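Listed after this line are the structures, all set down as structure tokens.
After this come two complexes, each holding chain A, first together with chain B and then together with chain C.
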Partner chain A sequence: MLERLRAPWSDRRAELTLGAVSLLVGVAVVAMIAFVAVQAWPTLRHNGLSFFGSGGDLKEQFETMQNAGPHPPASAYHFRAWPLIWGTLIVTAPAVLLGIVVAVLSSIFIVELAPVRLRRVVIPVVRLLASVPSVIYGLVGILVVVPFVLEHVISDSDKVALQDTVLLNGTGVGVTIVILTIMITPIMIALICEALLAVPNSWREGAIALGCNPVRAMLAVTVRAARPAIVAAAVLATARALGEAIMVSMVGGATNFAPRISDGLTFFLEPFRSVAAAIVDYHEGIGAPALKSALYTLALLLLFSAFVLSVGGYLIKLPMRKYQVRG
Partner chain B sequence: MTRIRRVTAALLVAGVLGVAAPAAASALTTITISGATASYPLVTLLAAKYNKVHPHKVKFRITQGGAQIGINDVAAGRVSIGDVSRDPLSTDPAGLVFYPVARYGICVITNKANPVTSLTTAQAIAIFTGKTRSWAGIPGASQTGTIDLVSRTSVAGVLTNFQTILLEGKKVSSLAAEEPSEGLMRQQVENDPAAIGFVSNYQSDKNTVHAVGLNGTACNRATVTNGSYTGTARFYEVTKGKATGAASAFIGWIEKSAAAKKIISTQWVPIS
Partner chain C sequence: MSTYAPYRRGSRDPLRGARGRRSSPGEWRWSDRLALAAAWGTGLLLCVIAGAIVIYMAFRGVQYLRPAMLVEHTNPSISQAESGGFLDPIEGTALLTLIGLAFVFPLAVCTALWVVEYGRPNWLARIVESAIEIVAGTPDIVLAVFGLALFQLPFMSVFSLKAQGGGVFGRSFIAAGAMLSLIALPPLFAATRDGLLSVPSHMREAAYALGKTKIATIRSVLLPSVRSNIAAGVTLGVSRIIGDTAIIVVLVDSLRVESGSGGPVLSLFKGTGPTLTSYVYDNSPAGEGGAPQKAYAAAFVLMLLVLGLNLLVSRFGRSSADETGLTAAGAVV
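Up next, the complex of A and B:
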């Protein structure tokens, strides 16, 4: 028995084992989606597509769900998630846009312009930054950034002007965008750097030999060849930003308010709550069936957006395949 | 033939080990506890003392997550005892027995830079329901600007208590930031000179935030003990049906022994 296990595996046996393991991953993913969908069904059935709409006070809706008891009436499932969805969008989009610009520019610097000795130091540091847990960022946010914003950015007149609509207490959209950007940029830099390094040197030399100046060669050849990796990095960063729960729960302001762009610059000071943060903030009430179903619906929404993201990333990359080096 | 015999022997050995190992471990009865974050420090202290007084009798496995989690876990039979930081509600599952183990004061807190001495119940209600929006009209406030309300998510047991006991059943305004834990609530009040919030364990927070009195009575352990502070609530140990066996012995020990009373008196107040 033991001798047989020690003997080198036949190809067929290895193939079967590896196949079974990868199939298991597939089964687990499908089972997870099915489980979340089943749990989410009561809320989806009662609200339909207006689940994504706005209307009413979200705080009261959460309270009704929480207090409905073990056999909630149909009316207790009433839930309009728009403030949460809106809150997620207004921090994710700016953070990813800002992050992608910074990441592309700094990757170009690290790979193309920086001296090799600097590059050897910077790349490991960036990788290290990419693996810092998000709760650390949240802690720095609530202990350092939020008090700073409260003291130096928010004026009394700002607060008074909005005092019957929303509270400005230092947490909010702007702080979250800044911290989210800092959180997701290192991952993008690490991925884009790797792709830029993989572009064969002969391509650059060829471009220069054909008369391009170095900057032109960089943009037209190196960066162009790394485009699929840039898209992949953006997709990964967006996924992390969308699903970021604990940091947003800490510095986002934890209110069910939907910040209004019409408020001008004050918009960036207004508190909000994201979809993922709502799951963290209300998970304690999961014993109430109505609330549980609502939270699972939010989870389903996050799963669905991750799916859309990866399909979207794939579609964007298709036409770039011709000159890709990897990704 | 030999191989089959060897395999059988191996299976037998594995089987015996599999049965024997848990059997040896279960010589100690395990009391599993889950629930309120507010009473978690108290329960861990009590469990450690209980182990010292009655060595080699029981083993504790204590987790925290919130009062509602305690209720759910004990009702589903996942734990032997649930920790709950609020009074029983009509929406709680049937068949649970609540044993009060300690009292605690719910203090209204403000920033150290804004040491309001005391609020009347009417003032507290006006502030927390969002009717009064400025510190200017509040006697004793050194702030003059907008009041920043800090509250807890609607699932927190201490919010339920705060609303029933201090706000006479009124709801905290939806303007308030809803912090998911007591630590974040305290941090937000510490950050913001214009903030007002509430905590269940002011004893451990008194270096970072200021406790506001209620109707002229300060909120501290002395006033909670002698009953003059009215904003008090109770911690409960909850079991499914009447407590039995090891859980019953532990709860009985908390209720009766002098050692338990001494621990409760360090930061909280014993029942009666």
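Up next, the complex of A and C:
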């Protein structure tokens, strides 16, 4: 047997072996979707589409599920996830919008404006920001930014105004948006820089020959041609932001409160909880079947949105072939 | 190559060379001037933020890190003086890196080889590539709960601890390592694939002309020439593995390294334990333990590891064809 393995492999055998290993990846993905969906089924069956709705106190629902024991009655599966979904949306959307602006501007800076020496600094800096673990962002957030917000931004009148609904302790929407933006911008910069570099040089030269200044040429021609890449980068960053669990759980406040836009600027100081953070926060109670099913439903929701985003990203990349821009 | 790379050394950009005819920003439209200022502003802001994070972590690290912490086991104690160092988290990180690499290395390299060199039937290769893209887009917390469901299956019980009543916890180093390998898969696959794609076809043709089979070509021509790409991919994968928290917290975290049952090696793999990331998380105000000093010290060690891996990637990355070297950072498939 060992002799056979040691002898030179035939091409056919090699192809089949490598192919079989590759198929493992596909099997893993199918298994992942199947496992999560199967575990999520009880909650989905009991709640139907109103799972995505709002209603009732989320904290109570979590406690009911946790205390329902090994054979929970049907009523224990009652779960309305809207506060979590809302919490995810209100940090993801602003962070991605802010991130697009910052990423496009810094990509222009890196590709066009920065002197060579500075560029040699900025590129490693972007790479470093991309690889800092999320727990470090969370740690800096909760130990530096959150106390700062509590001391200097939140006034006593804010606290008093909301004392019956939620405790303002410095954690919340605003801090999370800022840190999330810092976390997702480097990925976008990487993609956008590559696309800007891939736009044919002659296009920009043409614009400059027509009298545009370098910045206008960049904005009007190069960035315009790279629009599909910008959208693709935004899609990727959205996926990353939606799934960020640890950092959001640390600086988001981890309350089941749904921040209210009607509160004006205080909105940005209100704590919340996102879908991904809820899974981290409640994973210890996963022994209770009702809670387990609810958490897997949240995971299925994340998986589904990641899937939708990656299909969307693929569709958006298609027009890039028309532009003959790689990426 | 007609790509636009004005900063490349030695290539003089004709537009930059013609200094005399260039308009100065003072004459530009106000919107262009605003864009110029904003671009400079954000670019410098990025540097300031990164610098602030690194300097702050270094400051706190030097303040709180004691060499003894690196070699002391972690103790369950409320008092700061007795709770020990973080040898256990370091062991956990090392063990998980080893397990994750053991899983991901053959998987990613074989998959990249098959997709690039064989890839028949074509639709199957596309499916495999899309599967990797789906893995890349999956949040780590979803992978964590998937791992929990997978390793709680009765026939997977050999890989984790069992409760008294026979229930399977599904938490162990093996379980976490397997899921972490999925996190490291996309960057390693992408690096290997891009390396293989950039090997000129005449190298393959020369090998075939000498009578080598395809697999022999892979072994003696292709793999040696993509070694630096694989090294860069492995480094990226490792930095993903040591930086992940969600999978650790759900699948393996405990106060200290606990062994399971079985032989000396298997029991360790079946056991649970902390890693640097989960140690930071647990000791921060978000976890149960309020020991920010320990969290800062461990985060500093983690930061040093990440910085070191970053330097390695840029060393390996220099040889690749990537123009900015940024795509390696995003690890975008």
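One rule holds for everything that comes next: the second predicted complex is superposed on the first by the 290 of 327 C-alpha atoms of A that agree within 3 Å, B and C clash if a C-alpha of one lies under 4 Å from a C-alpha of the other, contacts with A are read in each partner's own complex, and residues count from 1 in each chain.
The rule we apply is simple: a residue touches a chain if its C-beta (ideal position, glycine included) is under 8 Å from a C-beta of that chain, and two chains touch if they have at least 3 such contacts.
Since the model is a prediction, treat every value here as computed from it, not as a measurement.
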{"item": "When chain B and chain C are modelled together on chain A, clash or fit", "value": "clash"}
{"item": "Which superposed partner A:Ser249 touches (first chain B, second chain C, both, neither)", "value": "both"}
{"item": "Partner chain in contact with A:Arg224 - chain B first, chain C second, else both or neither", "value": "neither"}
{"item": "Touching partner for A:Pro271 - first (chain B), second (chain C), both, neither", "value": "first"}
{"item": "Chain B versus chain C as contact partner of A:Gly19, first or second or both or neither", "value": "second"}
{"item": "First, second, both or neither for A:Val280, with chain B first and chain C second", "value": "both"}
{"item": "Comparing the two partners chain B and chain C, which touches a greater set of residues in chain A", "value": "C"}
{"item": "Contacts of A:Arg260 with chain B and chain C, given as first, second, both or neither", "value": "neither"}
{"item": "First (chain B), second (chain C), both or neither touched by A:Ile142", "value": "both"}
{"item": "Which of chain B and chain C A:Glu60 touches, first, second, both or neither", "value": "first"}
{"item": "Which of chain B and chain C A:Ser131 touches, first, second, both or neither", "value": "second"}
{"item": "Candidates 145-153, 163-171 or 181-189 of chain B: the single one with C-alpha clashes against chain C", "value": "181-189"}
{"item": "Intersection of the chain A residues that touch chain B with those that touch chain C", "value": "142-143, 249-250, 254, 280, 286"}
{"item": "Residues of chain B touching chain A in the complex", "value": "3, 6-7, 65-69, 71-72, 90-91, 93, 130, 133-134, 145-146, 148-150, 153-156, 171, 174-180, 184, 187-188, 191-192, 194-195"}
{"item": "Chain A-touching residues of chain C, taken from the complex the two chains share", "value": "2-7, 9, 14-15, 23, 25, 28-29, 32, 35-36, 38-43, 45-47, 49-51, 53-54, 56-57, 106-107, 110-111, 113-115, 117-118, 120, 124-125, 127-128, 131-135, 137-146, 148-150, 182, 185, 213-216, 218, 239, 242-246, 249-250, 277, 280-281, 284-286, 292, 295-296, 299, 302-303, 306-307, 309-310, 313-314, 323-332"}
{"item": "Complex contact set, residues of chain A against chain C", "value": "8-11, 14-15, 17-19, 21-26, 28-29, 31-32, 35-36, 38-39, 102, 105-106, 108-114, 116, 118-119, 121-136, 138-140, 142-144, 182, 185-187, 189-191, 193-194, 196-202, 204-205, 208, 213-216, 219, 222, 236, 239, 242-246, 249-250, 254, 276, 279-280, 283, 286, 295-296, 299, 302-303, 306-307, 309-310"}
{"item": "Touching residues on chain A, where the partner in the complex is chain B", "value": "1, 57, 59-60, 62-63, 66-70, 142-143, 146-147, 150, 156, 159-160, 163-171, 249-250, 253-256, 271, 280-282, 284-288, 291"}
